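Contents: one structure, followed by commentary.
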Amino acid sequence: MLTVNDFLFYLLAAVTFLSGAGVILARNPIHCAFMLVVSMIGIAGIFVTLDAYFIAAVQMIVYAGAVMVLFVMVLMLFDLKHELKAFSKGAISGVLKLLSTGVLLGMLLAYIGYTFSVDPSFKPVPADPQHAMETTKEISSLLFTRYVFGFEVIGVLLLVIAIGAVTLSRISGGTHADS
Amino acid sequence: MSALLAILTFALIVTAIGAGLVWLSSIAGPKVRKTSAKVMPYECGLPGQEAKDTKISIKFYLTAILFIIFDIEIIFMYPWAVTYFDFMKEGLGGYILGAMGVFILLFVVGLIWEVKSKALDWN
Amino acid sequence: MPILDTALKVGLNHYLYLSAILFAIGMLGILIRRNVIVILMCIELMLNAVNVSFIAFSRYNENLNGQIMVFFVMTVAAAEAAVGLALAVTIFKKFREVNIRFFEHLKG
Amino acid sequence: MGQDAFEITINVLKMLVIFLGIVQAVPLLVWLERRGSAFIQNRLGPNRVGPLGLLQLLADAVKFLTKENFVPEKGEWFFYYGAPVMALIPASLAFASIPLSIPIAIEPFEMFGRTFGPYTFIMQGYDLGIGIVFVLGISSLGAYALLMAGWGSGSKYSLLGALRASAQVISYELALSLSLVGILMVYGTFYFTDIVQAQAGPLTFNFLGKSVVIPWLPNWGIFFQPLGALIFFSATFAETNRLPFDLPEAEGELVAGYHTEYGGFKFNLFFIGEYGHMLVASALMATFFFGGYHFPGLTPEGVSAFWSGVVSGANANNILTSLTFLLVLLAKIAFFLWVFIWVRWTLPRFRYDHLMDLGWKTMLPWALFNTVLTAVVMFISHQ
């Protein structure tokens, strides 16, 4: 008998898998981007089933709400209708690519199946809404004690990116893109 | 966990009612033959022009990039904000203030640089 | 059926399988697509797949370090997407090309 | 979601009521907006259909429903029809996560020959422990409705309008989320119920190690975060595309923005989404800065004691007590909605570059200043 949690996992996994497959199969890049948005939201749901509420919200805000908006805006800005060939050419190389990905996937699945078959079930957690906030506070105190150096490095990285991205978009002149 | 189920149910309700209303309006609306003038993009009644070199300012995309960067910096302030008082109660107020002080300083430097480099000017 | 019930009962393995499948999808996308922006999207998908396994292990071991790792991965991935897109846009503006094959000609 | 059929049914019904409440609030707000604007401009406004023109909206809805539906030539039908539906989702999902009143505790009772209960029904769609972060996450999906509409219409004016609108929305999202950091520092939680609980009673704060109580003021967030409240409320105007920030649909100057190609009920759904965002913004404003469902002098015990003189039975008493607090919150929401309408007919529209300058160069630095100020003041007053 499936519990609610199991049902949610299978539902979200199906959504994530199908939209993930859509990302690589859709011909129009805009469709790829919207498929990826659905995939990101599905993964945020997966995080919630794993009790990572804050990370799920960050996933929504950063990935679905910021990164993918940038992707969609760039694709709309450079209206790529003229790009007809979505996939790379070559039958032999195509077979090789599929084969190598299949081998990798098979190895990963077999490894997971053999290694983590001891007791893969999760320990139960309290189903109390307060629990999510407690976890968030624990994450936060870890972030600002053990990982405080990484946190500051992220600050530096973001500063560098902010300067670099603006400088990059400046070169080759002109503030307007031909569409 | 059940909250997630509730969210999905609610999203389903909203989508169903919204899509139902759109469908209902397509049922209730008149069925008129499409004419070429009707399905043309609306450009104030003039014949549509598909100019080859429509210029769209890359400012939009630059704004989106800067949005990502500052959004992440703000997201890092959220866990800090909720534990700020807890750290102070443990006597680590100066430490946590300093840790975020450096981060905010980097934020401010980035913001000042963007303003000075005119990346945020729109005219 | 008890065997089916055991197999369907969601545990760590299921999350890891999902993570592996998503990772493989992302990798396949990088191999077969030509558009550099779609390839960047596939990289995001692969990073997300890794995040799923991080969170799953974090939940399994009841250890929150994994969640912090995911927080950092997300940050760096977003930064990577920003710079990657800035590069792609710069090259597109100059050469009107987003095909990944074309980028090979950019050697110095 | 629930343990037995009764609880699940009530919870699903509750969600339906919340969503239909949002949808039903829109005609009333449109009526209020039209009558209110007429009042401000010394006109009469709609007054023909029904008393005070109230049935005008029913007539409008019927008219919207009987409009022709078609997809423009170069549009894509999925995005074209999906965008109005998508416009509903962020606002309604966010509104359903805000606690509207105190939970209703239902004692065991007999129905259909069975005993049900005891139950506790929360007065919100769902209770996530991370409240405000969820609202921010789900509202950040709002940009997709605009982009889908612009892309699906297949018209370059729609696309340009969509890009303008989403650039504006994401720019003000920064100031909006940063302005909330101060209030989160004060309460130390993301959880809405705790935030509302913390605002009950008279104004209490610590100053230099002493506890100060001001009995004639409520313990509302606005007294701790006046600047944060101001920035938050201004940013929500831009988020909801309302005047003076309604550049995405400057109907007088531009064509119409991202919904140029839309008509009939699909246009109406965008409208419902916009008013839904206003509802969320007003409810968040009330929850964070104006005590949520609390009002000075009203305690759950006091209200319960009042109702016990009117009705008998614990269940009816609990329900009426909860509804009383619901009314308090609704009154606060109505006040902020009126401010939205009032401002629309008072202030002129910004120019686009002024708008972006205001968001990035004025509101973002002030929100940052508010964060630093709050941190320093809390640090000093705790020493």
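Chains: A, B, C and D, in written order; residue numbering restarts at 1 for each.
Rule of thumb we're sticking to: contacts are C-beta pairs under 8 Å (C-beta built on N, C-alpha and C of every residue); 3 or more make two chains touch, one makes a residue touch a chain.
What you see is a predicted model; the values in this text were computed from it and never measured.
Novice: A-B versus A-C: which has more C-beta pairs touching?
Specialist: Looking at A-C and A-B side by side, A-C shows more C-beta contacts.
Novice: From chain C, which chain is the farthest off, judged by mean CA positions?
Specialist: D
Novice: Determine the chain that sits nearest the middle of the structure, using the mean of its CA atoms as its centre.
Specialist: Measuring from the global C-alpha mean, the nearest chain centre belongs to B.
Novice: Between chain A and chain C, what's the gap in Å when you average each chain's C-alpha atoms?
Specialist: 6
Novice: Could you state the distance in Å from the CA-based centre of chain B to that of chain D?
Specialist: 17
Novice: On a C-alpha centroid basis, what's the spacing between chain A and chain D, in Å?
Specialist: Those two chain centres are 29 Å apart.
Novice: Where in chain A do residues touch at least two different other chains?
Specialist: 4-5, 54, 58-59, 61-62, 65-67, 69-70, 73-74, 77, 129, 133, 136, 139, 143, 154, 158, 161, 165, 169, 177-178
Novice: Can you pull out the residues of chain B that are in contact with at least two other chains?
Specialist: Where chain B meets two or more other chains at a single residue, that happens at 2-3, 5, 54, 56, 58-61, 64-72, 75-76, 82-83, 86, 107, 114.
Novice: Listing for chain D: what residues touch at least two other chains?
Specialist: Residues 1, 127-128, 133, 163, 166-167, 170, 173, 189-190 of chain D touch two or more partner chains.
Novice: What's the complete list of touching chain pairs for this entry?
Specialist: A-B, A-C, A-D, B-C, B-D
Novice: Help me check something: in the complex, which residues belonging to chain A touch chain C?
Specialist: 1-2, 5-6, 9-10, 13, 16-17, 20-21, 23-24, 29, 32-33, 36, 39-40, 43, 46-47, 50-52, 54-55, 58-59, 62-63, 66-67, 70-71, 74-75, 77-78, 80, 83, 85-88, 94, 97-98, 100-102, 104-105, 108-109, 112-113, 116-117, 119-123, 135, 138-139, 142-143, 146-147, 150, 154, 157-158, 161, 164-165, 168-169, 171-172, 174, 177-178
Novice: Can you list the chain B residues touching chain A in their complex?
Specialist: Counting only chain B, the residues touching chain A are 1-5, 8, 53-62, 64-73, 75-76, 79-80, 82-83, 86-87, 96, 99, 102-103, 106-107, 109-110, 113-114, 117, 119.
Novice: Under the definition above, what is the set of chain D residues touching chain A in their complex?
Specialist: Of all residues in chain D, those touching chain A are 1, 127-130, 133-134, 136-138, 140-141, 143-144, 147-148, 150-151, 159, 162-163, 166-167, 170, 173, 189-191, 193-194.
Novice: In the complex, go through chain C and note every residue touching chain B.
Specialist: Residues in contact with chain B: 75, 78-79, 81-82, 85-86, 89, 93.
Novice: Which residues of chain C touch chain A in the complex?
Specialist: Within the complex, chain C contacts chain A at residues 5, 8-18, 20-29, 31-35, 37-38, 40-42, 44-45, 48, 51-52, 55-56, 58-60, 62, 64-65, 67-68, 70-72, 74-79, 81-83, 85-90, 92-94, 96, 98-101.
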